[in-house]
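There are structures below to look over.
In the two complexes below, subunit A is the common chain; its partner is subunit B in one and subunit C in the other.
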Partner chain A sequence: MSHYEAPIRKPLITGDKSYHDVTLDVVRPVEGKANKSWWIVFSISLIAFLWGLGCIIYTVSTGIGTWGLNKTIGWAWDITNFVWWVGIGHAGTLISAVLLLFRQKWRMSINRSAEAMTIFAVVQAGLFPIIHMGRPWLAYWVLPIPNQFGSLWVNFNSPLLWDVFAISTYLSVSLVFWWTGLLPDFAMIRDRAVKPFQKKIYGILSFGWSGRAKDWQRFEEIHLVLAGLATPLVLSVHTIVSFDFATSVIPGWHTTIFPPYFVAGAIFSGFAMVNTLLITMRKVSSLEAYITHQHIELMNIVIMITGSIVGVAYITELFMAWYSGVEYEQFAFLNRATGPYWWAYWSMMTCNVISPQFMWFPKLRRSIMFSFFISIVVNIGMWFERFVIIATSLHRDYMPSAWTMFSPTYVDIGIFVGTIGFFFVLFLLYARTFPVIAQAELKSILKSSGEKYKKIRAEKGDDAPLHDPYKQEAKPDFTNEFNK
Partner chain B sequence: MASKVLQAIYTDDDILMEAVKSVRANKYHIEEVYTPFPVHGLDKAMGLKETRLAITAFLYGIVGLVVATAMMNFIMIEDWPQNIGGKPSFSFIENMPSFVPIMFELTVFFAAHLMVITFYMRSKLWPFKKAENPDLRTTDDRFLMEISVNEKNHKELTDLVYNSGATEIKLKDN
Partner chain C sequence: MYKMSKNVQLTAIILMIVGAVGLIYSFVDTPSSVEEVKEMLANDHHGDEANTANAANADHVDDHDSHAEHVLTQLKNKPWTAIYTSSLFFFLLALGAFAFYAIQHASQAGWSPVLFRVMEGVSHYMLPGAVILIVIFIFSALNMNHLFIWMDPEIVANDSIISAKTGYLNIPFFFIRALIYIGGWILLSRVIINNSRKLDNNPDIRLHKKNFKLSAIFLVFFIVTESMMSWDWIMSIDTHWFSTLFGWYVFASMFVAGITAIALITIYLKKLGYMEFVNDSHIHDLAKFMFGMSIFWTYLWFSQFLLIWYSNIPEEIVYYAARIQDYKIPFFGMVAINFLFPLLILMNSDFKRINWIIVFSGITILVGHYLNFYVMIAPGTVGESWSIGIPEISSVLLIAGLFIFVVFNALGKVNLLPKNNPFLKESKNYHY
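Right after this comes the complex of A and B.
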C-alpha cells in the first residue's frame, strides 16, 4: 500500500502519533474533568446568555419599542446581528464541503469544530428574525400553509421568504452532514466508555455504528455527495441573504455586486471565527499536534484572500456609485465615508481591508498570537460592515426632515451580548462532550500526512513498510471445537 | 451444524489489506471486515459492489425540484394569484425567475435528507440501535476480518490467516 505524499508538504499531524494515540488525544477532553478556566469562561458565557434571555423576554412581552429603532431606521442591530451570525456560520460547511471537493487534507482536523461553530452560529442568527416578528409564537406563519389557516399564502416573490427556505435548508443539511460524520467518533467513545451511563448515552448518539466495510463505503459516498450539494448551498445562503438588500430600491443596498461580496465577507468572518475558537481550543484541549501552525497559516491565507476580495468589493461599490451618475447613490456612499457615521465606515475599512494584508508576511501569519488578534479584529470589522450597510444607508433617506441617528438601547445590546453568550455556552459544552476532531477521518491520512510516517519514508525510502511491529498470539487449533 | 466464522484481528490497515487479498486469492469467503476508519481500496479488495446512494440522491433531487415547482405554481399562480408591485402572477413561466432560489433550496433539501435517511436505513443506523462490532477495539485501532469456516478447511485457513499477520484468531458461531 502506498501512502506517498510529496515530502515538501508539511506534516498535518505532528509528533509520533499512532492510531491509538489519536484516539487517546481526542477522547481526553471528553473523559477528563473540566479545568478551572473552562468553568470561568462557561460561567461568564452563561451569565451573558441569561442576560440576553431576559432582554428577549422583555422585548417579546413589551414590544419592539424597547429597541432603539425609529421611523427612519426600521432595521438596525437586529438584522446586523442576523447577517453577522449567518456570515460566521459559513466557514464550517465551506471547510468540510468545498475543501473536501478540493481534497484538502488539512480540513480533517478542523472540520468538526468548524461545523459545530456553523450550527451554533446559525442558531443565533435564526433568533433575530423570530424575535423581530414581535409575536414569535406566530413564527410558523412563514411556512407555506393554506390561507384558511391564516390570512393568505406566503409570498414566494419575497427575498425574506427565500431566506426562510435557505437558512432552514442550510441549518438542517449542515446538521445532518455533521452528525453523520460524528457517528464513528461517537462509536469510538461508546466502545471506550466504562461507566454504564456514558456507554448508554454515546450508544444512542452513535446510532449503533459498527464500522463495517460496506458502511464505510457508503459513508464516504454520502460525504462526497453531501459536499457536492452543500457547496452550492453554502454559496446560495449568503447570496439570498444579500438579496434581502439587493432587491430593494434603497440607495446603498440596490447593487448587483452584493451576492459575491456577501459570500466573500461571510467566508472571511467565518474563517476568522474558526481561528479564534481553534487557537483557544488547541491550547485548552492540548491538540497542538493536530491543529498545527500549518493549519493556522492556511486559514490565515484564506482570510487574506477573502479580505482582499471584500476590499475590492468596497472600492467597486464606491466606483459604481460615482460612475452610475445617480445622485442618491452617490450621496449614500459619500455619507457613509464622510457623514456622521464615518467612524463606523473607517472601522470597517481598517479591520476588513487593511488588517488582513498583514498576512502577506510569513512571520506574521505563522504567529499564533497575531493570528488570534487579527481574527478578533476581523469579526469586529465584519460586524461594522453590516452596520454600515444597514443603518448608515437608512439614517439619511430621501426626506431630510426625517434624518436621524440610531442609538441602541440596553435591550439591543443585551440581546446581542446574549447571543454571544449562548454561542459560547453551546461551543464550550460541545468541547467537553463531543469528539472535537474527526478522528476516524484523520486516522485515514495519518500514514500519508503524519510526521512519524513522513520521517520513516524520508529515512527508508518511499516503499518502506509503515506498520508498527506487532506480536502475534500463538496459533490456535480449532479441531476440538469442530469435533464436539 | 451451525455455521462458524473465524475472526482475525489485525493491528494495521496495510497488513489487513494484504490479508484480505490473500484470503480472497485462496477462494475463501470474507463475511465482513470491521475497521476504525475508512481504509481506501478495501471495498474493491473485498469485492463489494459499488454503492448506488449517489443515484438515489439524484432522483431525490428531482423529486425536490418537482415538489418546489408544483407547490409554487399552485400557491402563487393557481390558488391565489396576486398583483404584487405591478408584477401580476398569472403565468408561471413569467414568474419563474423569482421562484429559482426556492426551487434550488428544495432540490438540495430533498436530495440531502432523503439520501442520508436512505443511508441510515440501508446501514441500519438509528438511535437505540445496538452496535454490532464483535470487538470493542475495532473503533479504536484494530481491524477485524470475519471469514466463514468449516470442519474441512479450518486448519488451512488458520494457517493462512496466521501467516498473513493476524495478532489474534478466534472461532465464533455465526
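Right after this comes the complex of A and C.
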C-alpha cells in the first residue's frame, strides 16, 4: 500500500514515462548544446551584469553621492532591492523545506530550480549591504573578530548586524541543502557521461555518490533535518530583514505585523518568480511532462493565499493607523495613499492585492499565459511594496522641515539592472549544466503519481502490479545432447 | 459506535456543578462597597507604620479613597474576568479546531480524514460557547462589569483617546460585528459538517467538492474576522493600546490549543478502542502540528514583544510594562510552558508516537495557552489585584465541564469513521 494514492488526485508526471524517460528528459539540456536563443539571452544578461558591475565600481570609487539618496532618505533603491531579492529567494526554501515537511509531492519537479533561484537571488541581495556602505572596504568590521583595537567589538543590538548573520547563515544552509539534494543527480550525469572531461567534473561534483541503501537512508534523514532547520530559518531571515524597519521609531516602519507580513510577502513574490522562471523553463527545456498545468495551478494557489494574507496585513495596518490615534502614523498612511508617491502606493495595491484575486477563477489560474503575466505583475508590485515602505515613510516623517523627495539616478537603476543581469547569467548557466529537476526524487513518486501508473490502478484496481511481470525465456532443450 | 459513557457524563456534570458553585461564591464574595475594600486594604497593610502615619495627611486620605475605589473595580471585575477568559479560551479553541478542519479540506489532506469526526465534535462547542460570550458581552454593555472600559460612557467622555475611537468602539457596532463573526463561523461550520455527514450515506463526489469550496470560503472569512474579533474582544480591553500583529498572535494561540484538543480526544477515544483505524502515524502528525504551531506562536509572541520592547515607544510599552511588573510569573512562565516544553519534549520523533507524552505535553500546552489568554485579558481588567484562585479555577472547571459534555455528546451521535471521503483509503493506510 505504500504506493497508494487516491484516484481523485491529478497525476504529477504526465505521459507514458518510465524511469529511463525521466533520466533522459532531465539530462537532455545538460548533455546537449546550447542553441542560439540561449546565447542571445545569455549575452543580454551578461551585458546587463557588466553594466551593473561598472555602476558598482563607480559608486564605490566615487562615493554614495552618485546615488539619488539625500540627508532625509538614506535608504531607497539599495535596501528596496536588497529586501526584494531576499524575498524572492525565500520561495526556494519554502518549496524545498516547507513543502517537504507538508509532504507535498508536487514540489519535486520544481524544488531544484526554486532552490537555485534562492541561491542566486540571495547572492544578488548580498551585494547591496556591502555596496550601500560608505566605506565598504571596512565591511569586515561587522564581524566580531578579535582585533588590535583593544578587541573592539560589534554591537549586537542592531538588526543590521542580525542581517549579516541571517543572510550568511541562510545562504550557507540553502547551499548545503541544495547541494546534498544534487548528489544523486550529479552521479546520474557522471554515470552517463561519455566525455572524460564531463565525467571528471561531475565525478567531483557528485562526491562519489553510489546510491547504497544506507546512503539513501541518511540522505532522506538529513533532508528532513535540514528542512526542519530551514523552515524556522526562512521565517527568521525575512523577519530579521523586517526588523531593520520595524524596530525603528519611524511612523510607517514601526509596526509589529512586519515580521509575518514580510515573510508572507516573500513567499508571495518568490512563488511569482518561480512561476516566471518555470513557465519559461518547461517550454524551453521541454519539461512539460514534469512541470504540468497542475504545478502551475498549485503555485498560483499559493500566490493567491499569500497575496490575500498580504492584503489582510495592508488593511490591518491601515486600520491600526486610524485606531492608534497617533497622528504621525495616520499621516504616514494618508501620505502613502495621497502624497507625491501615490502612484507607487496604488501600483503596489493593484499588483499585490487585486491581481492575486484573479486566481480564484479556475480558468485563469490554469491558464499558462495568464499565470505568467500575473507572476510578473506580482514581482513589480512587491518591488513597489518595499519601495513604498522604505521611501514614503522616510521622505515625510516627524519634522516637516526635513520633508523631501527622492528620485533615483542612473547609477541606482544601473545597479538594480546589473543584479537582474547577474541573476540571469547565473540561472542560465545553471539551466545548462545542472539537472534542473530532482530526478531521483521524481522517480520516487513516478509509480504513485505518474499518469501511466494511475491509469493502471484505475483499470485494474489498487493492488494491480505496477511493473511488467518478469518473463522467463524458454530454456534451450538439452535433452537430446544429454542422451547422446 | 461511541456513546458518551456514564463516567464522562458524570465527570462533566460534576465539573460544571463545582465550577458553578465556585463562580457563584466568587461573585458573592466580591466586595460591594469602598468601605469593605478599605478595610481589606487596611488589614493588608496592618502594621505598616509608614502607611498609617501618612494616613493622617488629608491629601493622602483622598488618594486612599480613589485607590480603594480603583481596587474595588478591579475586585468586582475579577470573577467576570475569570469567566470571560475561560469562555473565550474554550470558544476560540473550538474555532481553532474548526479552522484546522477547514484547512484539511481545503488542502485535500490525505492523512487526516479518519480524524474528521473528532474535529467536528470539538467544533460543536462553538454554538454554546458563542452564546455564553454573547451573554457576557450583554452584561458588559449593561455596565454590570468593567471588562471593556470603552463601554462606560463616563470614561469615554473623559478620555480623548478613547473617544477618538468610538467610530469603531461603540456598543451597537460591537454587537453587529460579533454577530457577523459568530454567525458566519457557526453557519459555515454547520454546513460543512452536515455535508461531511451526508457523505456517509451518499457517495457523491459533489458533496466533497462542495466542502472543498466552502472550506476555502470559510478560511477567507475567518482570516478577516479572526483579526477583527481579536481587536474587539481582547485588544479593546486595553483600549489605549494597539498592535498590528495582535490578530495573528491570537490565532496562533487558539490554533495550537485546538490541535492539542483534537489530539487529546483522539488518544482518549483510541484508548477506549473506538478508533482502531487511527494509528501512531496520525498521532505523530498531530504532535508535529502541536510542536510546529507552538514554535509559531512563540515566534509571533517574540516578534510582538521584541519590537515593542526595542523601540520603547511610551504609548505601546505600557502594555508590557504592566505585564512585566504585575504579572511576571504568568507572563514569562507561559512562554516557558508554551515554548520550551513542547520544544524539548516534542522534538523527538519517537516521543511523538507515545500517548502519555502527547497527553502530558498537550495538557501543559492547554494550561499555557489558557495563561496566555489570562495575561492578555486580566492586566486590563483586574490589574495588580490578580490571583489564580477560586474564581479562575472554578470558571475553567465550569466551562471545561460544559465543553466535555457538548463535545462527547456530539461525538456519541455519529459514526467515528467517516465514509465515502475520497481520501479515506489514503488516510486509513497512512504510515509515516
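The criterion applied here is as follows: the second predicted complex is superposed on the first by the 461 of 484 C-alpha atoms of A that agree within 3 Å, B and C clash if a C-alpha of one lies under 4 Å from a C-alpha of the other, contacts with A are read in each partner's own complex, and residues count from 1 in each chain.
The rule we apply is simple: contacts are C-beta pairs under 8 Å (C-beta built on N, C-alpha and C of every residue); 3 or more make two chains touch, one makes a residue touch a chain.
Small disclaimer: the values here were computed from a predicted structure and weren't measured.
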Fit-or-clash call for subunit B and subunit C when the two complexes are aligned on subunit A: fit
Touched partner set for A:232, first subunit B, second subunit C, both or neither: both
Partner chain(s) touched by A:444 [first = subunit B, second = subunit C, both, neither]: first
Touching partner for A:480 - first (subunit B), second (subunit C), both, neither: neither
Touched partner set for A:4, first subunit B, second subunit C, both or neither: second
Touching partner for A:323 - first (subunit B), second (subunit C), both, neither: second
Subunit B versus subunit C as contact partner of A:243, first or second or both or neither: both
More subunit A residues in contact - subunit B or subunit C: B
Shortest span in Å between Cα atoms of subunit B and of subunit C, once chain A is used as the common reference: 7
Intersection of the subunit A residues that touch subunit B with those that touch subunit C: 1, 232, 236, 243
Partner subunit A, residues of subunit B touching it in the complex: 4, 11-15, 17-18, 32-43, 46, 48, 50-51, 53-54, 57, 61, 71-72, 75-76, 79-80, 82, 84, 87, 89, 95, 98-99, 101-102, 104-106, 108-109, 111-113, 115-116, 119-120, 122-133, 136-141, 149-151, 154-155, 158-159, 162, 165-171
Subunit C residues touching subunit A - in the complex, by the definition given at the top: 108, 110, 161, 164-165, 168, 205, 220, 223-224, 227, 231, 242-248, 292, 295, 299-300, 303-304, 306-308, 310-311, 313, 315, 422-423, 425-426, 429, 431
Contact set on subunit A toward subunit B in their complex: 1, 18-20, 23, 144, 147, 152-157, 159, 161-162, 165-166, 169, 172-173, 176-177, 180, 183-184, 187-188, 190-192, 203-222, 224-226, 229-230, 232-233, 236, 240, 243, 439-441, 443-444, 447, 465-468, 470-473, 475-479, 481-482
Subunit C-facing residues of subunit A, complex: 1-2, 4-9, 101, 232, 235-236, 239, 243, 246-249, 254-260, 308-309, 312-313, 315-317, 319-320, 323-326, 462
